[in-house]
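You will see chain A twice below: alongside chain B first, and alongside chain C after that.
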Partner chain A sequence: MRVLVVRHISLWWSFFTNTLTRDMEFKANFIGSLIVDAVYYGAHYFFFNIIFSYVDTLGIFTSADVRIFLVITFIADTVYMMFFSGNLFNLNKLIVSGDLDFALIKPVNGQFIVSFRYVKSYAIVSLTILGLLLSSLISQNPHDISILNLILFFFSFILGQTIWYSLDFMIGCLTFWFKNFTVGGWLGHELFKFAERPDSIYTGILRKSLFSILPMALISSVPARLLIYGPGWNFLYWQIFVSVIFLLLTRIVWKAGIKKYESASS
Partner chain B sequence: MSIQVNNISKEFKIFKREAGLKGAVKSFFNRKYEIFHALKSISLDINEGEIIGILGENGAGKTTLIKAMVGLLHPTSGSIFIDGFSPWERKNNFLKTVSIVMGQKNQLWWDIPASESFLLNQKIYQIPEKQFKSTLDEMLDLLDVRDKVNVQVRRLSLGERMKMEIISALLHRPKIVFLDEPTIGLDVTSQSRIREFITKHNEQYGTTFLLTSHYMNDIQALCKRVFIIHKGEGLYDGDFETLVKKINPKRRLQFEFSSNLKSLNVEKLINKPNVSINDQCLTAELPDNEMMDFLNQLFELDTPASFSFEELPVEETMKSFFANPEKFISKL
Partner chain C sequence: MRVAFSKYFMVMRMTWIQALEYKANTIVGIFAVISGVLIEYILWDRIYETRGVEIINGFSLNQLIVYIFFGIMVGQLKSSWVTSFEMIECIRSGGLNKYLIRPVSFFSYHFSLFIGYNSLFYFSYFAMIILFQLIFPGWAFQTPIQAVAFIIFLSMAVYLSYSIYFLMICCAFWFGEVRTLILAFNLSNRIFTGSIIPLEFFQESILNIIFLTPLPYLVNIPVNIALGNISSLEWPQLFINGLIWVVVMTFLGQILYKIGIRKYEGFGG
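The block that comes next holds the complex of A and B.
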């Protein structure tokens, strides 16, 4: 098991250096991507600042809490972009064009290759800035944010990413059955919009769905809750359960998908 | 490492609709499918170290067969075993021993030099540093692309790119290599270089090559044995030379008369099909069993200034075969 983990980390590092080499060939694109990120995150931050100029709280989230939540959402988005988004957005194209052949022919788990092959290296810069911003907000937050909160947050954040990846991956795999499902990439993107708002604003069936079938509330709201308010074991256990189930489902869907794979004629 | 293909069939469900907007609307609500039989009960045994040509027209099923053998496609029925492995189980130990090159697809990244992709493959296939360097050095020299290895792939010519693709596919020294039209679109020099390379690699490492190509020169130069697929069915499995002879047993005779043709009675000879005269030279394309009689008749008429025999171009023979394979099936 340890050997397997080391091998996959080493492979991921090779994917990273390989894509970084490519990204640095195109300076303008590299810098432009940083600007796009800054504008995107800035617009969201500004939007919530306007909301809090009219109200004091959103559910249990105060203005200071929402700022932390927002930065966590941005970090979740950036980490997702860095590791998975480019890969999964292209899954449809890989399957339709038959280029998936080159991933399946390698002596490495095919799901690992299609999920991690491209790393958006420029995201490191955004991630560093957002990390510093989160540290600053944590130090200014009126709640007592302990080391335990930080550890739980970190763990919960990884689980959130696992859930998001699993959901997006399974949507991408639908191409195996529907032959062309470009809308899948956008579907994942649109679903994330539910994660960009604090879970406390959702009620009723929508809230239940966002914690179960479409567990977008588990991506950034739950990590934010654990960071700000400390141990919320029920949230954490549920997050662990959902991420394990979703991850197992990706394996089932992937294996069934490659059985259906028709490649493309030469 | 032997390959055993036992009765494999592959069916695809294909969506059919009428042309035009009306057809699109109709099929949106009532989609019709039909089953396309890409492979029909194909059986094939390939020995270690063989170079075998897989021939067939476009859409005959060559690529489907290759993709099934390499584990990319699951056959509808039948089985394939490669050194005891079932390809679609996709075991890493199996995948380390095979490789595929597709002439119409690139696996190298366009924006970076091929050397970067080679390094990545070294990691993926866990190739020891010493072996990686020696194999790469050897192949760069044999394919004459050493000065191009650090140039971005998109700046390479088609021939150079294909050579890099081949290097990338062979770096881990696979035991079986599937080459799907590796020389397509290349100039004659590059084609020839790739053919020489394949021959040397096969001799040196005993690598098994399965080759599809529409260039009969590739097949003639590399493959003693060919397997022909027609509409998904195996038509012929055997020696290529024998096949060519079966399809077209004729040879071409060039006979140059020494006497003036006007003084000779050549009318009865040139009335035969496949016989023509141009100036003093007669050309005849006849099967061996008719050739000697015909030649005797020529000798009776005149002493030749010169005469020669030559085999008919393989390209033409195979072209006539693929134009109407049914006509030749009984001969095979």
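The block that comes next holds the complex of A and C.
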């Protein structure tokens, strides 16, 4: 097991160095992607500035808390972009064109290679800036944010990423059944919009759904809660449970999909 | 003129038939509108409730949600990033050659493709608007003339938006990779054209800057006409202003294209 983990980490490192070299050759792309990120962050920040010119709180989230929540959402988006988006976005194309064959014949887990082959290295710059911004906001926040909060936040954040990956991966795998599901990326993006608002605004059935079948509230809201308000064990246990279930579901969907796969032009 | 029209109409028709094969696009498009409205409704419901007011900036909660419903649809209809990416790829990879040696205009051909690709959205969103009118009569299109004006301003918004995209696409002659420019424009567009929040909610200083650009003509003005927020007396002036933007953007696009084509080397970039 340990050998397997080390092997996959070293393989991912090779993918990373390979894509980093490639990205460095297209510097305009690199800079352009940073600009897109800046525009995305700026537009959202501007939107919430308008919102907070009308109210002081959104549920338990104050204006200062929402700023932290927003930066966590941006970090979640950037981390996701870095590790997964470049891979899962192409899943449809791989399946339709039959290029998935090249991933399947390699002596490594097929799901691993289609999920991690490309790394968007420009995200490191965005992550550094967002990390500094988050540290600054944490130091200014009136709540007492302890080391335990930070540890729980990191753990919860990784679980959130696992959930988002699983959901997006399963959406991508729908191509096995629909033959050509080009709108998978768009659908994933539309679902993520629910994660871009603090969970405190959702009530009733929608809130329950966003914590269970479409667990978008677990991506950035729960990590933000754990960071700002401290240990919320119920949230954390639930997040662990949901991420394990969703990760298992990806395995089931992937294996079922592979059985349906008919190679080139399937 | 007639020949040119029928030529591009055929392109549009072909793309339309092609688009019919991808019905999932429509389903996801409708989901995008419904989920977008739902999220904004929940957010603004909380804001109205917290403030304990019925009107903010001249909008009641219901009016605001209707605005967002129309805003998301209009925002979607004028968005042409798929066509734009194809056009950029043509310039980068030398695919533009085929337009240079044939009697077709690069601008008009892709405009027909853009309308063709979006045709399914036109039908599905039109059906949604009809349904909306039946369920909530009087919330929008209080008079039939508003519907006519909305269609005119919507058509102008679609063309103006495409012309702005075309300006950015032409930058590919110099910089090669300008897809990020399109993406950045798309992302900022949702907020600064008034797609998910009326421009009336912005600060005066920001609003003054936005009204110096063509952005309000893309979403805010067509939607406000549909909802009856703009008096019919103001329509002619707005139409003339919009038309000026259309002419300016088309002219700039053609100039940029003509200069750019001299730089174009006709091989992969």
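Operating definition for what follows: the second predicted complex is superposed on the first by the 264 of 266 C-alpha atoms of A that agree within 3 Å, B and C clash if a C-alpha of one lies under 4 Å from a C-alpha of the other, contacts with A are read in each partner's own complex, and residues count from 1 in each chain.
Just so it is clear, contacts are C-beta pairs under 8 Å (C-beta built on N, C-alpha and C of every residue); 3 or more make two chains touch, one makes a residue touch a chain.
Note that the structure is predicted; figures quoted are calculated from it, not measured.
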{"item": "Which superposed partner A:Gly110 touches (first chain B, second chain C, both, neither)", "value": "first"}
{"item": "Chain B versus chain C as contact partner of A:Thr21, first or second or both or neither", "value": "first"}
{"item": "Which of chain B and chain C A:Asp101 touches, first, second, both or neither", "value": "first"}
{"item": "When both partners are placed on the shared chain, which of chain B and chain C touches more of chain A", "value": "C"}
{"item": "Partner chain in contact with A:Tyr261 - chain B first, chain C second, else both or neither", "value": "first"}
{"item": "Which superposed partner A:Val39 touches (first chain B, second chain C, both, neither)", "value": "second"}
{"item": "Common interface residues of chain A - those touching chain B in one complex and chain C in the other", "value": "26"}
{"item": "Touch list for chain A against partner chain B, complex", "value": "10-11, 14-15, 18, 21-22, 25-26, 98-99, 101-102, 104-108, 110, 179, 259, 261-263, 265-266"}
{"item": "Of chain B, residues touching chain A in the complex", "value": "12, 15, 59, 63-64, 67, 70-74, 88, 90, 92-93, 95-96, 98-100, 102-105, 107, 109, 111-112, 116-117, 119-120, 123-125, 152, 180-181"}
{"item": "In the complex, chain C residues that touch chain A", "value": "22, 24-25, 28, 31-32, 35-36, 38-39, 42-43, 46-47, 50-51, 56, 175-181, 183-184, 187-188, 190-192, 196-197, 201-203"}
{"item": "Touch list for chain A against partner chain C, complex", "value": "26, 28-29, 32-33, 35-36, 39-40, 42-43, 46-47, 50-51, 53-59, 178, 180-183, 186-187, 190-191, 193-194, 197, 201-203, 206"}
